[in-house]
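I'd like to ask you about the structure that follows.
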Amino acid sequence: MQVTAQQLCDLLQGTLEGDPEVSVSAPSKIEEGRPGTISFLGNPKYESYAYTTASSILLVSRDFQPAEPIKSTLIRVDDVYASVAILLDQFGQSQEQEAGVHADAFVDESAEVHTTATVARFAIIEKGAKIGAGTIIYPQVYIGENVTIGENCILFPGVKVYRDCVLGDHCILHSNVVLGSDGFGFAPQADGTFKKVPQLGNVLVENNVEIGANTVIDRATMGSTIIRAGAKLDNLIQIAHNVEIGHNTVMAAQSGVAGSTKVGKNCLIGGQAGLVGHIQLADGTKVQAQSGINKPIKKPGTAVYGSPALAYNDYLRSYAVFRRLPALQQELTELRKKLAELEKKS
Amino acid sequence: MQVTAQQLCDLLQGTLEGDPEVSVSAPSKIEEGRPGTISFLGNPKYESYAYTTASSILLVSRDFQPAEPIKSTLIRVDDVYASVAILLDQFGQSQEQEAGVHADAFVDESAEVHTTATVARFAIIEKGAKIGAGTIIYPQVYIGENVTIGENCILFPGVKVYRDCVLGDHCILHSNVVLGSDGFGFAPQADGTFKKVPQLGNVLVENNVEIGANTVIDRATMGSTIIRAGAKLDNLIQIAHNVEIGHNTVMAAQSGVAGSTKVGKNCLIGGQAGLVGHIQLADGTKVQAQSGINKPIKKPGTAVYGSPALAYNDYLRSYAVFRRLPALQQELTELRKKLAELEKKS
Amino acid sequence: MQVTAQQLCDLLQGTLEGDPEVSVSAPSKIEEGRPGTISFLGNPKYESYAYTTASSILLVSRDFQPAEPIKSTLIRVDDVYASVAILLDQFGQSQEQEAGVHADAFVDESAEVHTTATVARFAIIEKGAKIGAGTIIYPQVYIGENVTIGENCILFPGVKVYRDCVLGDHCILHSNVVLGSDGFGFAPQADGTFKKVPQLGNVLVENNVEIGANTVIDRATMGSTIIRAGAKLDNLIQIAHNVEIGHNTVMAAQSGVAGSTKVGKNCLIGGQAGLVGHIQLADGTKVQAQSGINKPIKKPGTAVYGSPALAYNDYLRSYAVFRRLPALQQELTELRKKLAELEKKS
């Protein structure tokens, strides 16, 4: 997408200095600016780059007074950061796949694909599945039997959704996400082998959820594994069967939640953190990266750290002493010696 | 699949109270029961739900005496839990893919696909590969050259099996599992770069193994990376080259095993645990979640915890003191003061 | 690939004892040798296997004096290990996919695929993408709009590359790698929900990089997430937006790097280690497995361990005391008692 300086200036209600016809196709950082891109100067400590950047257009504050000549076309705006947000949205609205069902896709005749939805090449929509208005199914995606996908979702290449799962509206699933694989349930037998426990539930993802690449969400044994509206899951996350992730909870990459655990609303789960099964985390719980949670957290807003996790500040205090344990041991040894000497004297 | 109450009652050799013609298509939990589903009352503490559930059919013990009227059709059985297991199996026996090679699949002419096997759309079976009787290859699966897959396996959408790998019978591979990717082997060169060490072995998976979504098992440098019969691997697990996982060993999600390590039979490896390379774990070893194992474990049945791992109880005892380290440091400081005073006096 | 003993002997400039016509198709370990394979005797402690192995050919040192008869054909060489490296290369040069664009692949008419490149079945090359000479795109790979792939790369089945990403020459991407998924960026809103921050940058992978199966590298918000030449990434790794991984840095499986962190050259990042965002690691940093790095590392060659990480030896020393914390606490209690007695006396 090519846009001229004048078009952007109008969009941002700014004022223009320089060539109104110069056009750009992408944003870039001011220190990495290239011709054909637009950069911005928000933080004054980057000002020196304004005089050297090769960006075609530079977005600056209305009251910015350059100390040296600037080659880029300037657009002056009231609020640089707000304008950047508008710009990013503008450039992000790219549509790569043409709407409609591609000739090389397979859509079962019993499936319902909305006329404004897209099903790209080598994608598969099985029996009884439903794809809502405006939803884009990229190539090589698999939608199992009786799956329901809401409106304006994006499923990137390679996403696999097992049968009976349900997605709300405005969800984004990145490449190779797996929804609805069997929960990890096995009944131990007398001879040491395991018998598979059939996993008959599904996965229910509510509206406005984004799920990162290669993340896996297992189907429930019975009932649903649930991701509540507004939750954001990063890449390579494990969500086990019958888990529930609360509204607007954010999980960082490579974290994992074991079976039947319920995570509250507005929680923050750090990267590589792990939660055992069958516990509840109160709303607003903050789990530090790499922590291991092995018991329920009942008080909303609690911050925890460590494996097994302690209260955040308690862990830091204990760890501070852990760092000087060799010194502490030495002190103890010296005390013992001195005490032994005193005992001799007394 | 729709089944009537009478059909289920006959299957379970129970007695029926209510409408024998009401039909259900899935099980549900008693507290989440919906019309068209069957629930069960096993644990007496859920009894109150029996009077409110919307499930069409309710499975109860023969001697259950309702305290209030129940809307659902009742099926009374001798052993509720045993009947549930039968039911789950019954509902789990769904077959989504029609047998045979689909028109949109690619099967090399030198490959051997059993007449009762299924190869679904956009799946690929390369030269010399063999697919056993009753095995189901879902869409978008890749089976490399000379791969052998046994009987009655299920490979879910997106599974990738590199050339020369071998799978036994009754194995289940969930979506986007990768078998046989190159082991991570590089020879450091004088200039700081690395030269790839060719990985020429394969992966051998024995019978009755289940492997979770997005798990990766690398091929051996030479010989085989081996998953023994009955082992169960959860999602997002890393198995490096030349590893061996013993019979009936269970590994939880996001755990990882480095190169050439041998894990014994009937071990339990917790979630996010990591094992260094070139060690052996005795049969029945229990590794707590998030632990890091950096040396061999020789005694069968050992339980370990921590990173690096200690004996399970030792870790808990040390961690209990870790929690009160700030207090312990304080005590030490006080002792030192008191001792100094005593020394002055003496 | 079948090769005779004579052909291998010529290749390795060795001398032959036994049948020059016996042929082999793969290497094997001496203790697992099978007919039709070649094994080697490098380490003298494996000598006993030389007399029992079923390998058709055995590679030995020129000065090796067998104590017993050997059934295998012998090839004597000056340097056994150097010869093995040559052999492994020889057997590793297998080409499974025929060059050219397969009939069942989709290549947009605006894409440029070099005549010596391969695009296999059900692979997709979108608008404006470029595939260099000798590069092999395996089945079911997705190459997004305007992606550039250099020469002699291998992209294994199921790799997904989002639009605008750039790969250098001689790169290997294993199955289900995802390049260019959206960085995890959300702006918190007053009502507790999150607004997606568009991710408009790309991923730039330089020459000679290998990336393991199911690893994910997110695109930059603006600019590029960069993997420098010669870096080697294992399986299931998370690389967040705007990260840079330095030349010849090696990352083990399941490690993760949060947003905007810069890892230096020739670093070693252990398995399951995690790095917070917005820090820099000096060249040659060594991060022990499962460690958590939460602050910059400025001194080149630093080794660190623990979560949060300490200097490697400091962590080991502290952990050694951690192991005996219960004893240490007991000693402290005893000291306190003795001191109390002394105080009474004084």
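Letters A, B and C name the chains as they come in the text, with residue numbers starting at 1 for each one.
The definition used in the following text is that contacts are C-beta pairs under 8 Å (C-beta built on N, C-alpha and C of every residue); 3 or more make two chains touch, one makes a residue touch a chain.
Keep in mind that this is a model prediction, so the values were computed, not measured.
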Inquiry  = If I superpose the C-alpha trace of chain B onto chain C, what rotation angle comes out, expressed in steps of 5 degrees from 0 to 180?
reply    = 120
Note = Given over half shared residue numbers means same and under half means different, the chain A/chain C interface is different
Ask   = What is the distance in Å between the mean C-alpha positions of chain A and chain C?
value = 25
Query = By residue number and range, which residues of chain A touch two or more other chains?
reply = 122, 140, 158, 176, 214, 236, 254, 272, 290, 307, 322, 325, 328, 332, 335, 339, 342, 346
Touching residues (chain side chain C, partner chain A) in the complex = 106, 122, 124, 126-127, 140, 142, 144-145, 158, 160, 162-163, 176, 178, 181-182, 184, 186-187, 192-194, 196-200, 214, 216, 218, 222-223, 236, 238, 240, 254, 256, 258, 272, 274, 276, 290, 292, 307-308, 310, 314, 317-318, 320-322, 325, 328, 331-332, 335, 338-339, 342, 345-346
Chain C-facing residues of chain A, complex = 26-29, 32, 85, 88-89, 91-92, 94, 96, 104, 121-122, 138-140, 156-158, 172, 174-176, 208, 210, 212-214, 230, 232, 234-236, 247-248, 250, 252-254, 265-266, 271-272, 289-290, 307, 319, 322-326, 328-329, 332, 335-336, 339, 342-343, 346
